[in-house]
Amino acid sequence: MHGNPTIVARDPLLKVENLVVEYPIGARTVHAVSDVSLEIARGETLGLVGESGCGKSTLGRAVLQLRRAKSGRVLFDGADLTALQGDALRKMRHRVQLIFQDPIASLNPRRRIGDIIAEPLVIAGVKDAKKRRELVCETLSAVGLDPALVVGRLPHEFSGGQCQRICIARALVLNPEFIICDEPVSALDVSIRAQILNLLEEMKQRFALTLLFIAHDLAVVKAVSDRVAVMYLGRLCEVGPSAQLFDKPAHPYTALLIEAIPVPDPDVRPAESVAVGEPPSPMAPPSGCRFRTRCPRADAKCAAEVPELRPVASGQYVACHHPLI
Amino acid sequence: MLGFVARRLLYLLPVLLAVSLLTFLIASLLPGDLAYVILGDQATPDKVAALRHDMGLDQPIWWRYLGWLGHVLVGDFGRSFRTGQTVLQAVTERLPVSFELMLLAELGALIIGIPLAIACAVRAGSAFDRFVTGTAFSMLSVPAFLSAILLIYFFAVELRWLPATGYVPFSEDPLGNLRCFVLPALTLALGEWPVLMRVLRSDMIATLQEDYIAMARAKGLKPSRILLVHALKPSSLTLVTVTGINIGRLMGGTVIVESIFALPGIGRLLLGSIYTRDLIILQGVVLCVAAGYVLLNFIVDMLYAVLDPRIRHGHA
Amino acid sequence: MSGPALLTIEDVVVELPTPRGNLRAVDHVDLSLGAGRTLGIVGESGCGKTMLSRAILQLLPKKAKLSGRVIFDGQDLVRLNAEALRRLRARGIAVVFQDPMTSLNPVLTIGTQLVETLQEHLELDAAAARRRSAELLAAVGIPAPEQRLSQYPHQLSGGMRQRVAIAIALSCEPKLLIADEPTTALDVTIQAQILDLLAREQRRRHMAMILITHDLGVVAGRADEVAVMYAGRVVERAPTPALFKNMHMPYTAALLAAIPKIEAAPHTPLAAIPGRPPDQTRPLKGCSFAPRCRNVGDQCLRSKPALTTAETEGHCYACFHPLKISAGVSA
Amino acid sequence: MATLELDIAEDVVVSPARRSRKLGLLFWAAIGWLVFVLLVAILAPVLPLPSPTDMDMLERRGPISALHWLGTDALGRDEFARLIFGARISLTVGLFAPIIGLVIGGALGLLAGYFRGRFESFVVGSMDVLLAFPPLILALAVTAYLGQSILNLTCILGVLGIPAFMRVARASTLTLARREFVIAAQALGATHARIIIRELLPNVALPLLAFFLLGVAVTIVVEGALSFLGLGVPPPISSWGSMIGEGRESLEVAPMLAFIPAIAMFLTVLSFNLVGDTLRALTDPRQGAL
């Protein structure tokens, strides 16, 4: 694919170029990520939204080289992560962190919270124990937990919300530049979810972070993102500023997603959903535009030709032969 | 499904080959020299050398292995220099005895184990459950040779109901045959049923907490159907795998039981070959038993694939 | 409400022994539901909504203790003997569970799981039951129903499996369907289709439905009446428009405010509810929401507010300092 | 500003939710018996006991007496002394053999479960070959060739235990390696070694320890069976198994000669099984795992 259409004015901290990730299951291969390119500017939050099985989590893991890509490059602050191996890659790790969906499974059940948060410091080579303890306590207070009550305890003594705060502290203790949040609030209750979203926003300002926020809940993604990328079956179908994208979606799939969100207001009658069937399996994605099997606007061209991401409004790109705007 | 069978078959061949290699290598562990052992202590050096030559013992080991394997593949496992009988004859002669013993033992274990497992699963945590689980647990700690002695002491020595030893072929006197299999089969069954019961019980307890059982109850199905179809069927799959693993324990058990009860089976043949240092028979029997065990496990795997639709019908 | 209620729940209490002490999952709940109407039950995880539905279905775990009355179609299910209760199942009350992956038996075909229900309650021979099953699958929007009958659950997608579960639930024309978070495990586009299917079938069969969910958006457009639960108690119950527009219970308002809205601009801070979800093994003397409530007073800490009826008919709440708002949503 | 006041400050912090499984009387009784047997076995040489090998032909199958607390066996040897020294042998083999299995099998399983790929299929493949032989039969064959000695016996039973330990270690590693806290460690840049030692090992240790205890019970039984057949420990050394084997001949006349070592072995095996199973149930979340 030629030059990157989602160019971002300021210097991009992260550039993903034509990333392809596939893995075998039995005799068949899963086309999890197919030729995805995107950029995230320093200090920006890019939302990545899509239904389960669209490959958004795989993309996040591939960017961090936790899953090897079949082809394509990942440039972080100019350095090509895909080319790095072993120690060189490990050295970059402290600049890039990851937060997971299930907070309780993200903490080793047999280690004390103090050790869990000190672990990144030990790995990064902070030898002085007193200094480590200081940093741990400082970061715990930053995420709203009292170090004295937390450091000596085991993960099972905390609620989901508190465990997620501990995971955020672990990610922040090394003062990273870039954090991938992979569905960080999906496993939490509504009341706790808002606490963690506010915490993430506050940490972003305080630590000057750049975030990739992955989720399936559009309202959550819109609440935290400057720009949003919509993904379907391994491909990006639309990228654009979040307010603009949700006001005037260009891709039929984005429109379908927005229309399907249950609105907490009795006056808004839920639109009678047109029967759009089920998403196909990532092991046998349809030819051309992968959404054509569920798209009311699909025609022969959609089946023949894979639509490229191209600009359709200021800063908004869409991969569709018959965009909505 | 066929892909699954083919893959498993393909996996089976190297295992069988490796088993034959390992069996052959075990023989080379012998301190000293096979020929010297065969001829006994009055062997003169040149006689030993002559025997070594015509047995090909002076050839490099891999050459001897290929030669030996060539013979094995055509069914010639070698001939015992003690009894003159070929290994194949000895094994095929005694196979029915061991097979009948194992079959009766496994049946016994299933007949005792399954109903108890279901009863305990339904009344999990009750006094009955704790009692049966406790008994099963302590039976696990009673080795086969121990229960054999106890059974002999009570039924043969004290009550004199059943023969302590001896064997009557089924063709001659079916009832007599069964009588002399009761104690041996019971000895093995007493060691097996706790394993089956515990696995099936814990699996049933887990299954009974699944959503689809709550759904079955919400559908108003009869409790018997819920238990014996909706709960037992998925749980019985783990039972099949456990029986596969247990065959190995059972085969080991036959060696002990056949020796105690003097049943002319493969186990006793194996022991005899060890006591009389008949190393050709020993090597042949070990190979046959191992090959049989691998094939039995293969059959159990196939049975599991046939029973579990998730494997039979592959992907979603 | 029109005519005698199809279902009335009076003073139901459910207690469960747990390693950390006795958990009162449902704490003196009263509800009623007319035939053909939909009651939404909303609450966060651990508020007792699922345990309440299991109490209605009499499908509580063996160790659970249940008290109070569950009067369905004139009969108190708690007093009913097992056999009578069993015959009522699927014909009177049916249920759809949350996770389609685990609510169908993995080793039985779709056909078997449908036919066995039909043959249990309706005098149908095998062929008729199989034909009826294919019709039911078609009615819930499953393509090529004949082939599906011989397929196993793992061969279908999540959405399809939930449709099969609905077909099974509706197979014996129940008067009441309890849908326990029917779409929580599904993607938003599939969720919309399943909720439409449930609404359509309910209208067509004039069936009552209890829709249990944690998502206020789901009940907003689909329930005639909504009950909000917190720590095992119903803290507010009202016709849907009144609940959204004129709520009295601070928890309801806080819950609505905490949800990110699609129409809100990016980066608008969310009004998070402080504190931690209630721990019902250590029930508080006063109102369970007191530690997290903005309108908390000292009376709230001392005693539990009873469910009092508000000015509009059918609207009641459990709070000493209710919100006095006529329209819009308070901060 | 988002509401960030501390929510952990409440006085009551949730008490540990971990299922505190009451260990119960039986568990401690088993521990007690094991400690007793181990002490007696270790201190055997210093205990005031008649020598287990002196034969007193006049006193064959003698009854319980002041001199012989448990009478004498078919060859007039003091039964009580033989029981104690028999314990020494049974426990030596019973404890040291599974250690081989635990160390080698555990390590292989941990590495195979973590690294997967060709290494895993090689390890699993080779273990399958070893598992292709019914355990007792392979033990019999190898001792026949290698010759009977306590060292050979311990090594053979140890090697036989490797596949089982490998399986347990690999199974728990596989479930753990998928958990996010291991991926988080990788994302932090931890080396493989650190992840295995710091993150995986503490969580795999308990299931392996539980399996080790069950392994000891099984090893004692297998050694007993071999010795019962006269193919385990070489005479004149005697373990419980060989004592039971010898006692078998005089079952009618002096059944106690077989039953005393039998009871000792049964109680020891039962205790190891009980302690091992309780530990396993602690690590297996499924209810009814006992």
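Should a chain be cited, it is by its letter among A, B, C and D, assigned in written order, with residues numbered from 1 in that chain.
One rule holds in what follows: a contact is a pair of C-beta atoms (placed from the backbone, for glycine too) under 8 Å apart; a residue touches a chain by one contact, two chains touch by 3 or more.
All values derive from a computational prediction rather than experimental measurement.
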item: Pair joined by the larger number of C-beta contacts - A-C, A-D; value: A-C
item: Label of the chain whose CA centroid is most distant from the centroid of subunit A; value: B
item: Separation of mean Cα positions, subunit C and subunit A [Å, integer]; value: 32
item: Whole-Å separation of chain centres (CA-atom averages), subunit C against subunit D; value: 51
item: Gap in Å, rounded to a whole number, between the CA centres of subunit D and subunit A; value: 48
item: Separation of mean Cα positions, subunit D and subunit B [Å, integer]; value: 22
item: Residues of subunit D engaged with two or more neighbouring chains; value: 2-3, 5, 7, 14, 17
item: Subunit C: positions in contact with at least two other chains; value: 157, 269-270, 272, 274, 276
item: Junction residues of subunit B, two or more chains touched; value: 315-316
item: Touch list for subunit A against partner subunit D, complex; value: 61, 64, 66, 89-94, 96-98, 100-102, 105-111, 119-120, 123-124, 144-146, 149-150, 153-154, 156-159, 162, 167, 170, 195, 198-199, 201-202
item: Contact footprint of subunit A on subunit C as seen in their complex; value: 44-45, 141, 157, 159-160, 187-193, 195-196, 214-218, 220-222, 240-241, 244-245, 254-256, 258-262, 264-274, 276-277, 292
item: In the complex, subunit B residues that touch subunit C; value: 210-212, 214-223, 225, 229-230, 233-234, 237, 307-310, 313, 315-316
item: Sites on subunit D touched by subunit A in the complex; value: 1-9, 13-14, 16-18, 179-181, 183-191, 194, 198-199, 202-203
item: Touching residues (chain side subunit B, partner subunit D) in the complex; value: 14-16, 18-19, 22-23, 26-27, 29-31, 121, 124-125, 133, 137-138, 140-146, 149, 152-153, 157, 201-202, 205-206, 209, 247-249, 251-253, 255-256, 259-260, 270-271, 274, 277, 279, 282-283, 286, 289-290, 293-294
